[in-house]
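Several structures are given next for inspection.
Two complexes are shown next, each including chain A; its partner changes from chain B in the first to chain C in the second.
Now for the complex of A and B:
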């Protein structure tokens, strides 16, 4: 067992040489992806990046600070629409991204204020209402294109000398890696420890000298910042935003992503984002899965209704959520840790 | 016109109040905000529809069968899912109810979702009972008000004047102490879920003729009902009913006098304001939590 003696050992990014090597290998693989896979898979990876970034932020709020947000799609929408308007106005992409994050962050800080006094269902309804309100307000304002939404121009990526899709892939990957490192550092710094103290008991935390006003608002702001960045990338990815995209269902699915991955861990957010994206894509064509798909079709024809078969993805998503909570409360991260522990001592 | 507004506020308000009551009963007993409430009501409404249109049962038989189904659905939900949670905390329970909500939503969409249906009750939306120069009272309005009132009275009687109600209230106050006194707390919680599911199902049956019958029909009423419950504080049942009526009133007045477009979100503005001032709802008893 490796004991930590100084604080620095706890906060550094790579705890061991082995993890450094594996990470570098993984990064090399990510670098090579555009040269191995087809363009379609690049867009799948991009979608994963989006979900990972939003999940990272939501996990800081839900998993580390213990606050509930059922309106995270609202922050994503704010980020996406800010980015859409700025990109249409011709603002360079880097600034757009940062401004989208900051606008969302500001709104998050504002929404964080009531959370100081609220807990449980009271906080849930405030965030839920926020998510719905953002959707309705955006849908009714001319400036945001109303129900029709906004088109987003392609950004200029010619400087790289690669095709648009490949460059976009690298942009997404680099931003995701930066955000992951940011989330890791936040969680392992003084701020992250304060968040966790608040999660475990906010009264005890305030007794030990943690400023609840400051840190609860900060937690909402940080989480909204991630969602805003995710939203900006979302706008870039779809090239088209409508208010209908950012529905209550999206907020629920983000929460599902975090729970599936594992609350309160960066690895969990990343795994959750990846797996949830794959699930969402695969559940749309569940009928083509060998045995299970046949069973579904059989059920549709006999008991259920063949024309409603697309709804099977909600059934399976719901089942996965329930089963994760019932049998694997630590999510994919828990499974990952168990696998790692097993192979740590493998031949013995 | 103001009388007409008051009538429609009362009708929407009492439907919100029913959903809010359904959520509040469960919340009082277990501190779980049940997000699956709406979908459970939606499935029960579909059951009524199928019994009425496919099997051709008379309305009362269909209603009794539906309420039995709703009761069993609630009990099964508690027994199969809520009770099995390993390390229960608030977030875990919320996720379970959200998961169950998705599950029911998907199943209903799979079975019935492809086409919209109109749901007719013996009391219709177009038949007028009273018509004066200033207002119109339809059969559905009157029936909704009466049914909501009757349900509230029955709930009051069950909670305050039966042995079951006494046990339920004991479990709400302190589960441990209730178990020491020989009350089977788990079973009582299951029955609480069943009763709540019945109340929700009645709300669903009242909502269905106003909107069309489809799997998303309970989303808006559920969110509003939840908001109403929070407004009146989740822990006080009279408060929850007042919260529901208040929310219906605010919404209708705002929709008529200020803006119809933003009618659906004014509720949340009000809720945020009130929660800023009174963080646990209008009618909550103030208490200080210990560490």
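Now for the complex of A and C:
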């Protein structure tokens, strides 16, 4: 048995040498991906990075602070359009990224104000309205290209000496790692504790000296910052932005990602982002599975309208979400913890 | 020296007046009990003192400073902490995290310093370690070691009460408001609670105001007692005098049958 001797061991990033070694191995693997896989898979990983970053932020709001947002696509849109305009104007990428995050963060702080008075379903409606409003407003404004959207120029990545796709992959990975560490630090510091206190009992939180106005607004702002960074990367990834991309469906899927991954956990956000991306991309292929695929084709032909087969991934995504939440309320993070515990005790 | 002075506070909810023109003063270092039948307005008085309610009129001053109508977090920062009748714990967090939240106000690092949280010599890490030591002191004082890393919803009721007391203590308050500390406890746990309360006053020098229905506890710990009914003061004084007072007996038992 390994005992802790100083309190710092509870604070540091890697609690054990083993976790440090595994993380380094994982990083090495991430580093090697461009040399092993085709360019297509790099873009899959990039998409995972986007989802992970937004999920990290949304999880701080939903899982840790206990607030709800059905309008997170709005923050992603704000980040993406800010980045699009700045990149078109020739602003360097690093500044673009930070400004996109901060603009979204500011809007998030404003949206946080109603959360001081509203809870649960009421707050859900306000954020829902926000998300839809952002989509509509952007779609009607000439400076944002209206319904046609904006094109985004490629950023200059020649300094790396690698191909554009590979360099973009590394940029995405590095930003995702930084954002993951940031989310981890927020959750485990006094700020994260205050968020969780508000989630569990806002009365008790206020009598222990937590300023509810300050921390609820901060939670929205932090969450929107992550979404803004995610949005900027989204713009870079798609190379064009249209208002239709940032739909209500996107907001709902982010919420699903967070619940699937595990509320209130950084590992959960990361796993949720990865798995949700895979589900989105791969579930259509289920019709090629022998027998099961045939059954689904048969069902959709007989029961659903002709568009049924195209939407089969939503049906299956819904089914998988229901099953995971029924059998593992802590989401993928719960499964992950159980696997870790099993291996810690192995072979007993 | 009077540390907490409540003067002529009134608090109504719609047509019901919960507290009517109530005044009392608590001296530094004493254990002051507030008793009264259900619905007498005892908890409303606490909620006014620590800012959850804003009194309609009247003033509350603490250590010579007017705190009437301040937000609860400001009042907590000023040095008043409390527990609740029906437990208000951070139930999905561990005992240790609950106590660390009691240290929230004293944990002084900014959101920027938080970014370097993982480095041993950063201000944030030093602060966290310092606050952890303080929280561990409370764990040791209340003998909560076996429950340190367990989420509090999984703990027995009596232990949850202690965790809430611990969280209030971790704030290192000047004055502690205890709302029915013995409610729901069995005989043995109640005896323990009496010892904790006396220890808190005698060893830590914290002034205590307590609301309690259990007269045994009130008799054992109180220096002075205030009896209220329908939000008004009935009588104030030593335990023996108050419990023998005719108006108090009438408030609890009603008019004698003719």
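Just so we're on the same page, the second predicted complex is superposed on the first by the 333 of 348 C-alpha atoms of A that agree within 3 Å, B and C clash if a C-alpha of one lies under 4 Å from a C-alpha of the other, contacts with A are read in each partner's own complex, and residues count from 1 in each chain.
Criterion: a residue touches a chain if its C-beta (ideal position, glycine included) is under 8 Å from a C-beta of that chain, and two chains touch if they have at least 3 such contacts.
Model, not experiment: these values are computed from the prediction.
In the superposition on chain A, A:128 contacts chain B only, with no contact to chain C. Of the two partner chains placed around the shared chain by superposition, chain B is the only one that A:313 touches, whereas chain C remains out of contact.
In the superposition on chain A, contact is made by A:186 with chain C only, not with chain B.
Contact with chain C, but none with chain B, is seen for A:194 once the two complexes are overlaid on the shared chain. In the superposition on chain A, A:10 makes contact with chain C only, not with chain B. Contacts of A:209 after superposition: chain C is touched, whereas chain B is not reached. The wider contact with chain A, measured as residues touched, comes from B rather than the other of chain B and chain C. On chain A, the surface patch touched by chain B in one complex and by chain C in the other comprises residues 201, 203-204, 207. The part of chain C that touches chain A in the complex is made up of residues 50-52, 71-73, 75-77, 81-82, 84, 88-93, 97, 100-102, 104-105, 107, 109, 111, 114-115, 117-118, 120, 124-125, 128-129, 132-133, 167, 171.
The residues of chain A lying in touch with chain C in their complex are 6-8, 10-13, 181-182, 185-186, 188-191, 193-194, 196-197, 199-201, 203-212, 218.
Residues of chain A that touch chain B in their complex: 62, 66, 68, 114, 117-118, 120-122, 124-126, 128-130, 132-133, 136-137, 140, 201, 203-204, 207, 248, 252, 255-256, 259, 263, 300, 303-305, 307-322, 324-327, 329.
The touching residues of chain B, counted against chain A in their complex, run 27, 31, 33, 81, 84-87, 90-92, 94-96, 98-114, 215, 219, 223, 226-227, 229-230, 234, 261-262, 264-265, 267-269, 271-272, 275-276, 279-281, 289, 291.
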